[in-house]
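Note that subunit A is present in both complexes that follow, paired respectively with subunit B and with subunit C.
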Partner chain A sequence: MSRTLRLARVLLSVQYAYMLEYRAEIALWALSGLLPLIMLALWSGADAAADLSLSPAELTRYFLAAFVVRQFTVVWVIHIFEEDALQGRLSPYLLQPLHPFWRYLAAHIAEQATRVPFVLAIVLAVWLFGAGASGWPPPSTWLLGLLVTHLAFLLRFLLQSVITMACFWSERAAALDRLLLIPYLFLSGLVAPLEAFPPGLRRLAAATPFPSMVDFPARLLSGGEVDLLGGLATLAAWMALLLPLYLMLWRAGLRRYAAMGA
Partner chain B sequence: MAIIRARGLGKSFRVADKQPGLGGTLRHFFARRLKDIPAVRDVSFTIESGEVVGFLGANGAGKTTTLKMLTGLIEPSAGEVEVAGFRPFRRQAAFLRTITLVMGQKQQLIWDLPPLDSLRVNAAVYGIGDADARRRIDELAEMLELGEELRRPVRKLSLGQRMKAELLAALLHRPSVLFLDEPTLGLDVNAQVRVREFLADYNRRTGATVLLTSHYMGDITALCQRVLLIHQGQLFYDGSLQELTQQLAPYREVCCDLGAVYPPEAFRGFGELESVAGHRVRLLVSRDQLTGTISRLLSTFPVLDLEVNDPPVEEIIGRLFREGAVA
Partner chain C sequence: MGRYLRTLREFWSSSLAIELEYPANALIELLSVLGNLAGSVVVLALFYGRGHGLGGWSWDEALVVLGIYTLLDGFTSTLLQPNLGAIVNHVRTGSLDFVLLKPIDSQFWLSARSFSPWGLPGVLAGLALIVLAARRAGATPSLITLLGTTLLLLCSALILYSLWFVLAATSIWFVKVWNATEVLRSTLVAGRFPVSAYPPALRTLFTLVLPVAFLTTVPAEAILGRATIPWVLASLGMAMVSLGLSRGLWRHALRYYTSASS
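Now for the complex of A and B:
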């Protein structure tokens, strides 16, 4: 156990040091994730909050929470894995007694840590200048919300890892991830809270893992009404489905791996 | 005791077969044709524990593909391979702790951080305690003559310093089987010599088995008593380096500095003319005619200086393949 903890500590600290080398880039990434705040401005400006059956304060809280969730659920494993596979950097990883999955996971968590100051600054700015951001939920709700946000990140990481396995069959598998971007944007709750969707669309979204990635943690963070156990069960069910699928594709993919560029 | 066994080892790669031009591109887009290209065919050999073996061959001969199969990076299409009692492609943790692969043109060190950070990660991955890792790093750094370089970002290091740091990272877990693919590629002569000396020292100290590919024959001649020669995916020779040069090069190189410049025709009958550059002439002379040819050269030309050498091994191999001796 202590060996595993030491490995986690070293991986995270070294990855954090590596990510800090790119702090300017990370600031830009953080700014590029402002979509929920843009959506907040759109919905507020058009008196549309009423259409969403939300008060202006609830709307602000939801989109601010969605912004936080979005910042901590950004996943780019497919891009780095594709590059590593093409450039031959995957080969040294495969020859060490540590599944490359853990390296990529550590890199993502380290990158999240570097985002914290930017996220805090933006949240504070919206808090101070945003109308109706008063009445925040208690810290216990925040803590639970952040925990669920990280579970949502794990689900997104796992989903993209499954798609990443296409890199063993195609040299340009990252394009597949772009296919998922549209359903992710619309069905996750990034552009509007899912409870504001028509019933048919809501049922469609519920059949996908996307609401678990934004809507559920964002509603929890913003103090909205959620079915906590149902949401957690949905998250767990998707992960239970994706993990064996990932492992199966990993094993099959390795048989096709040609160690190009190595 | 044999630590590496390969029997009937083969690997084919499926590649796209596309004709050039727009027509070929369109046909390829709508009906992709693939074909199997054999990279390694029916290769068999064993390597004893503690041996240092050179793996020779031209570009694309199948050296790196064989190394990838021996390390478990790729699955063989045919045959069997066993390294330290393990099937490499299963990549069991115990196997991965036994081996290392160093690729001269690739790196495992994190580019933007000092090598010490990558070494910390490696130590944690292999379960080496902090104190033990420090001791090992100090020992290897001393052998490799590395000091402050370990604290500088990898991107700021010279190629030679980077290669030495790569070797340190690859050997931190004290592997007993080393696969080295072009470990001195791109290094200057001094750095090449230092890396060779380090590898020889490491082999002496630890008794590790080494399989080494290199384009620099200096690496092979300095480190290996035995060589495997591969050509077009097939093993062509397995034996001592000395025997290879004796069997396949029954001639010696004679270099003369002359007191005057002569046309190439003047050297007809003095063996095979390799080159004439001003006053300097290089000839390949059959070993059994060496004494007679040298006497005639001394009596015919104003010879200022004369050297007799074994021709470089890369030249021997190059000649073999050019002359189709291995077809």
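Now for the complex of A and C:
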């Protein structure tokens, strides 16, 4: 137990120091998640909010929450793993008595910590300029929201890790991420609240893990009405499905690993 | 000039040979283009299905804008991403030294060295959508209009190139900005929709600071026969200024390049 704690502390603090070195870049990266705010501008411009049973203030809150969720659920493990596997950097990691993915997970969490100031600045700016977004949900709501956001991040990390295993079979597996991004963009609730979808499409979205990644945490965070237990159960079910799949693929892939490069 | 054309042919045939090593990527790219297009059309339909529309544009006219966006995105994947995305690595590993020593213009080498055929499906899909949607919108472009649209599309491509190049060139100072280009790509997503759909403040931002308006809306208006002389001139001016700026910044940045030791 104490070894685990020490490991976690060292991994996180090393990765945090490393990420701080690149804070200028992370600031830029925080800007790259502006899509929900662009969509907010479009939705409020089209005054379609009235049809959605969402008031303009609720719409603003929803997209602002979606923006925060997006910021703290960014996952890039497939790109870094592809590079590490191709250049042979994975080999020394494999020799250590620690599953390499803990290292990547720590890097993601450290990067999120570096992001906090930028996200706060952007949220404050939108809050000040965004007319109508009055009222802040109570602390219990958004603390729970942040917790669920973190669970959503873990689900996304797990899903991308499963896809990442294709790196053992192909040298250009990171291209698969482009495919994974499409349903994530359009079905997760990032571009439109799910109420706006026609019923058929909404059912299709609900059958995928993507709404758990944005819609569910964003709704919690914005203080909307949600089926908390149902949402948590969906999250847990997807994780329970993906984790064994990931472990299986990892074992199969590792046997094929040829330790290219240096 | 002839020397540059000859070099370009060698560059592109060699990178084509490399890319054709990975035929599976063609399928991934094709799926990703089609998926993105379908998703964008669905989002557009969410706005139009309720009879609200976007910024006074009809459904078919908005599809022309989407077509131009898809075309430019294909252009990005074909030329900008593979070339300008690599500048950062040249700076980080110091291999920019070898580029600077070559008896050819360094900006040309960096901008044209690679060619990825996987962006071509996007280019073709974009062109097809533009022609189809413009015809359905009732546009009967004369030869002059067609030439003018081509010129404006060329301006869009130049503006886009300059934006990418300027961002990539800042890696001389910041070293690690591979995400900067991601920022650009995701902010330019705003160009999927006519610029008049945004609130006035954002409209100004998208015209003057991030020239999203010139990238997609202005060429779309041209093919629909609604171009006005001031906008065409502004677009030409914007293209010239941004191209000049990218050239000037590159010359300036090189003075700060200190190479890297490995």
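To be clear about the criterion, the second predicted complex is superposed on the first by the 261 of 262 C-alpha atoms of A that agree within 3 Å, B and C clash if a C-alpha of one lies under 4 Å from a C-alpha of the other, contacts with A are read in each partner's own complex, and residues count from 1 in each chain.
Here is the rule we use: contacts are C-beta pairs under 8 Å (C-beta built on N, C-alpha and C of every residue); 3 or more make two chains touch, one makes a residue touch a chain.
A quick note: this is a predicted structure, and the numbers were derived from the prediction, not measured.
*Asks:* Given the alignment on subunit A, is it a clash or a fit between subunit B and subunit C?
*Replies:* After superposition on subunit A, which the two structures share, subunit B sits beside subunit C with no clash.
*Asks:* Touch check for A:257: first (subunit B), second (subunit C), both, or neither?
*Replies:* The first partner, subunit B, only.
*Asks:* How many degrees, to the nearest 10, separate the directions from subunit A's C-alpha centre towards those of subunit B and subunit C?
*Replies:* 80
*Asks:* Can A:140 be said to touch subunit B (first), subunit C (second), both, or neither?
*Replies:* neither
*Asks:* With both complexes overlaid on chain A, does A:14 touch subunit B (first), subunit C (second), both or neither?
*Replies:* A:14: touches subunit B, not subunit C.
*Asks:* Which partner does A:88 reach: the first (subunit B), the second (subunit C), both, or neither?
*Replies:* The answer is first: A:88 touches subunit B but not subunit C.
*Asks:* With the two complexes superposed on chain A, say which partner A:2 touches: subunit B (first), subunit C (second), both, or neither.
*Replies:* In the superposition, A:2 contacts neither subunit B nor subunit C.
*Asks:* Which touches a greater number of subunit A residues, subunit B or subunit C?
*Replies:* Partner touching more subunit A residues in the overlay: C.
*Asks:* Considering only C-alpha atoms, give the closest distance between subunit B and subunit C in the superposition, rounded to the nearest Å.
*Replies:* Shortest inter-chain C-alpha distance (subunit B to subunit C): 5 Å.
*Asks:* Inside the complex, what are the residues of subunit A that reach subunit C?
*Replies:* Against subunit C, the touching part of subunit A is residues 22, 24-26, 28-29, 31-35, 38, 41-42, 44-48, 51, 170-172, 175-176, 178-179, 182-183, 185-186, 191-192, 196-198, 201.
*Asks:* Over in the complex, which subunit A residues touch subunit B? Could you list them?
*Replies:* By the definition above, subunit A touches subunit B via 3, 6-7, 9-11, 14, 17-18, 21, 88-89, 91-92, 94-98, 254-255, 257-259, 261-262.
*Asks:* Within their complex, state which residues of subunit B touch subunit A.
*Replies:* Of all residues in subunit B, those touching subunit A are 13, 64, 68, 71-75, 91, 93, 96-97, 99-101, 103, 106-108, 110, 112-113, 117-118, 120-127.
*Asks:* Within the complex, which stretch of subunit C touches subunit A?
*Replies:* Checking each residue of subunit C against subunit A gives 22, 24-25, 28-29, 31-32, 35-36, 39, 42-43, 46-47, 49-50, 52-55, 174, 176-180, 182-183, 185-187, 189-190, 193, 197-199, 202.
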